[in-house]
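Lettered A, B, C, D, E and F in written order, each chain numbered from 1.
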Amino acid sequence: MPTDEQKPISRFPVPAPETLPEDLREVIEANAKKAGFIPNVFLAYGYKPEHFRAFFHYYDVLMKGPSALSRAEREMIVVAVSRVNGCTYCTVAHGAALRILSKDPYLADQISANYRAADVTPRQRAMLDFAIKVTERSAEIEQADFDRLREHGFTDSDIWDIGAVAAFFNLSNRMASLADMKPNREFYSMGRG
Amino acid sequence: MPTDEQKPISRFPVPAPETLPEDLREVIEANAKKAGFIPNVFLAYGYKPEHFRAFFHYYDVLMKGPSALSRAEREMIVVAVSRVNGCTYCTVAHGAALRILSKDPYLADQISANYRAADVTPRQRAMLDFAIKVTERSAEIEQADFDRLREHGFTDSDIWDIGAVAAFFNLSNRMASLADMKPNREFYSMGRG
Amino acid sequence: MPTDEQKPISRFPVPAPETLPEDLREVIEANAKKAGFIPNVFLAYGYKPEHFRAFFHYYDVLMKGPSALSRAEREMIVVAVSRVNGCTYCTVAHGAALRILSKDPYLADQISANYRAADVTPRQRAMLDFAIKVTERSAEIEQADFDRLREHGFTDSDIWDIGAVAAFFNLSNRMASLADMKPNREFYSMGRG
Amino acid sequence: MPTDEQKPISRFPVPAPETLPEDLREVIEANAKKAGFIPNVFLAYGYKPEHFRAFFHYYDVLMKGPSALSRAEREMIVVAVSRVNGCTYCTVAHGAALRILSKDPYLADQISANYRAADVTPRQRAMLDFAIKVTERSAEIEQADFDRLREHGFTDSDIWDIGAVAAFFNLSNRMASLADMKPNREFYSMGRG
Amino acid sequence: MPTDEQKPISRFPVPAPETLPEDLREVIEANAKKAGFIPNVFLAYGYKPEHFRAFFHYYDVLMKGPSALSRAEREMIVVAVSRVNGCTYCTVAHGAALRILSKDPYLADQISANYRAADVTPRQRAMLDFAIKVTERSAEIEQADFDRLREHGFTDSDIWDIGAVAAFFNLSNRMASLADMKPNREFYSMGRG
Amino acid sequence: MPTDEQKPISRFPVPAPETLPEDLREVIEANAKKAGFIPNVFLAYGYKPEHFRAFFHYYDVLMKGPSALSRAEREMIVVAVSRVNGCTYCTVAHGAALRILSKDPYLADQISANYRAADVTPRQRAMLDFAIKVTERSAEIEQADFDRLREHGFTDSDIWDIGAVAAFFNLSNRMASLADMKPNREFYSMGRG
């Protein structure tokens, strides 16, 4: 069976990290320091430095910036959306992030199999239902969807954030599938305890 | 966050193992011995002993009986089909089986994310394409599908087996979702190396 | 126009009945005696005797075994499911069975055209809606589906049986389409009165 | 089980035939004479006489007017299209017409189950593939579709006619489902030999 | 960039207007007088004069005949249905008609983008929801759909008309896509004020 | 008929421009100067200034930054993708941009109706086919898609850009539908003549 070590991590040229602009290298080093390895998405996006900057800045705003959604909840959205889009990189890498942030070794696999059967609270279920509607039928979003989220205590700001994270991964999933990005092997086992 | 220990393993009544007929208990014990725990599917199916017998006998014929498909290949089909049907129990439990039988800790997660991007041989890719067509568009199966499989060396007998495993899990996935069967926690980490 | 007499009844090799193992021949003879002819599904499954045994045993448990669903109701499920999957053999052969068991020469054609417009009771309509959800969107089955069935008087045991018959024909339809099984001509007119 | 005799033949008011304008009565009588009964579609369309006139005139042009497609071939298209749209009236009534015109008691049931598995010639298969594309994905019709039909000997005029019959029954199926038109019981058994 | 002036207005032969039968020329002249140009659909349908007569007569009954639906409302239905079917000719030509009849230069573009987000009254929204259900899922039309329309004051006659206009454009859209009919350039800017 | 002037331009609170941070106001003023009015998307995104910055920076990189795709070609992708997602704001606003950049008053309406029937070159058709595959079936992107694009002269860099623009508008369309953003009335008629 072929190993993914031998496979390219992207369909596009992947620059050697040391040839990248200074600011990209700093971002990569900071992330590598935290993860213990360089996540392949950074190398793949190195192909177009301006795109790298825009993508990861937007990513940081949404996934690490201020929001009433916990970081684990944002990762739940990411995993649920990535399943719909069949994105291997995001399912595996953000599955790892969700395990770590939620301290739950089971939740990511449950959400990537079928979020409707996952061990989540009714409030989280409503959040994921909405994220999936944003993903699959955004043209049909209506007042009733907002009403249901408000019943679970979500504010306007929260609803925007749920939608924004879901929308961003509808971009991210497509870029990862476009490039056929390969998840680093480390992600598969991280946070399994 | 609720734990799945506290959640019922089925939407239907689950009999205590010791109340089951002798032959069911023997099947369960043999499987528990091998796995190190009683997989929940046996307890859930204990609700209707005649169904238990018919289901597991058919399962054994297909998954353990003679076939030119390796047992790992059969599990690859199961994981790919279970993803299409969004079946949590089968994705998690057979993901574990695939990791163990293939001795590859990555393959199951790749196939459950997107089999088209998984590290499989072209022959295995053709096998999975066919299993997915059996799952999603069986009314459109035609001679050209058989021709493509034969180009990869699959015989009539192999094609029947690919189709039969895919068809069986189109039953199994639906029963597991019907009952909302919960995978045992052990499955999530088995075979991860 | 080609006649189906000249067409093979399966894409796979079909053994002569007399070459089959004793127990298969007995099953076939019993069924032929009842129907007045050998239904082609028995010959097609004769290709793999172990599969034959497992398939028809499971079939008998579900379709002839004890259940609060009448045999006509089970056939209604089969016809509705087979339409979704576009399975010619099951639509035609089980249409005949439904005509005979229901003593209604119209119902099978109505259900195979559009079960929502068929002459069924509200209780049967709920049963068929659930069977179709099991077929098309099993990952979305939820408590509300069970509640609706209970309002119509269905018990846990009944719901399991509706789901199990629907699930089994999601296997059976795929096997018949895989093999391109041809219905015997007798089925088309049986029970039309 | 309720009988369709007791059920209304339309969701809309159905005028008594004798109250209809003279020209409608003539059309109905001519058709009743031929069929041996008044097909319900005439009564249902009697609700709006101007619509009746326009509908049946267009129908006659397409289904009885000059065309290189035989009348049986046109009915094959009708049955295939009606299955996609799940139209009970058209499937049953035009199934009867197809049995009679083709002198084949099996073909209609085969096409309504799955036209891809029906006993048709490669030329008829190409015709039906195109009719279904007109039904399901008309926005994707392209030169290659015309080329394939021409390889089977279809002319421009034939292709227009295949498309026109398919398009008309995309209207007709929707009107019949809108009104929940009930097929006369006679249709179910006509032409079964 | 190629210009549509240079492109044929149909995939089928287009007769010179002066070679058409007298009655067709009269219809065309009357329409050309009103529009200021000959809409291409008349020329394209000139390929089969009997089809021309049947099509435009039915069209006139539905779109210009008596109905409690205003002519602008009927055009709203046409634009919404044509979007679902991806029909360029009908979207552009009936978009123009809707702008003129509604005296609203924005509404047609809104409905062709997403009718759910268009500036329509709740009553019109219910009308369009039903027209789209007739288009996309006519086999699922049920009493509840009629009830909702009646709550908005629609009568049986109105509901038939909504359904009939939607059904007719499910024919018309398919014919226009079959022929790849090109909208006259004048339509794009008519009624934009 | 309600006017969109009276309707809110977003489901979320919209800050008065003068209350926005200096850098946002500069972006808005620069854009207003160019367009002659403030496009509503800037006001709607003003709800979350950090999101505003990230969104419009990424937008500028993709839509105005260096690329071998012309700006008109990028807008063609935007309009085609926005149609699939049913996004009113993007269809209308980027339709205007496409008319202006292409100097073609017809192309945007053609692409938003059905890009397959639009007046585009074979090379542009391949570009749009790929953008739509990125939108609808990104998990199925494969080598053959890249090969087809290369036959039309697209380089790796071009393919990345086509994919990136399509992916970005899969984010943008969802944000606009989430907020129910209303296009400014000026967009409807810009570039028409």
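Things to note:
Methods note: a residue touches a chain if its C-beta (ideal position, glycine included) is under 8 Å from a C-beta of that chain, and two chains touch if they have at least 3 such contacts.
Keep in mind the model is a prediction, meaning the values are calculated, not measured.
Counted as hops between touching chains, the shortest connection from chain B to chain C is 1.
The set of chains in contact with chain A as well as chain F comprises B, E.
After Cα superposition, the angle needed to carry chain B onto chain D is 120 degrees, rounded to a multiple of 5. Distance between chain centres (mean CA atoms), chain A to chain C: 43 Å.
If each chain is reduced to the centroid of its CA atoms, chain E and chain F end up 28 Å from each other. Centres computed as Cα averages put chain D at a distance of 23 Å from chain E.
Shown for chain A are the residues in touch with two or more other chains, namely 86-87, 114, 116-117, 139, 177, 180. Contact between chains, using the touch rule, shows up for A-B, A-C, A-E, A-F, B-C, B-D, B-F, C-D, C-E, D-E, D-F, E-F. Interface residues of chain A, counted against chain E in their complex, comprise 139-140, 142. Interface of chain F with chain E (complex): residues 1-4, 7, 82-83, 86-88, 91-92, 95, 102, 104-107, 109-110, 112-114, 116-121, 177, 180, 185, 188-189, 192-193.
Chain A meets chain C in the complex at residues 114, 116-117.
Chain B contributes residues 11-13, 47-48, 50-51, 53-55, 57-58, 61-62, 65, 85-87, 134-135, 138-139, 141, 146, 156-157, 159-160, 163-164, 166-168, 170-175, 177-180 to its touches with chain C in the complex.
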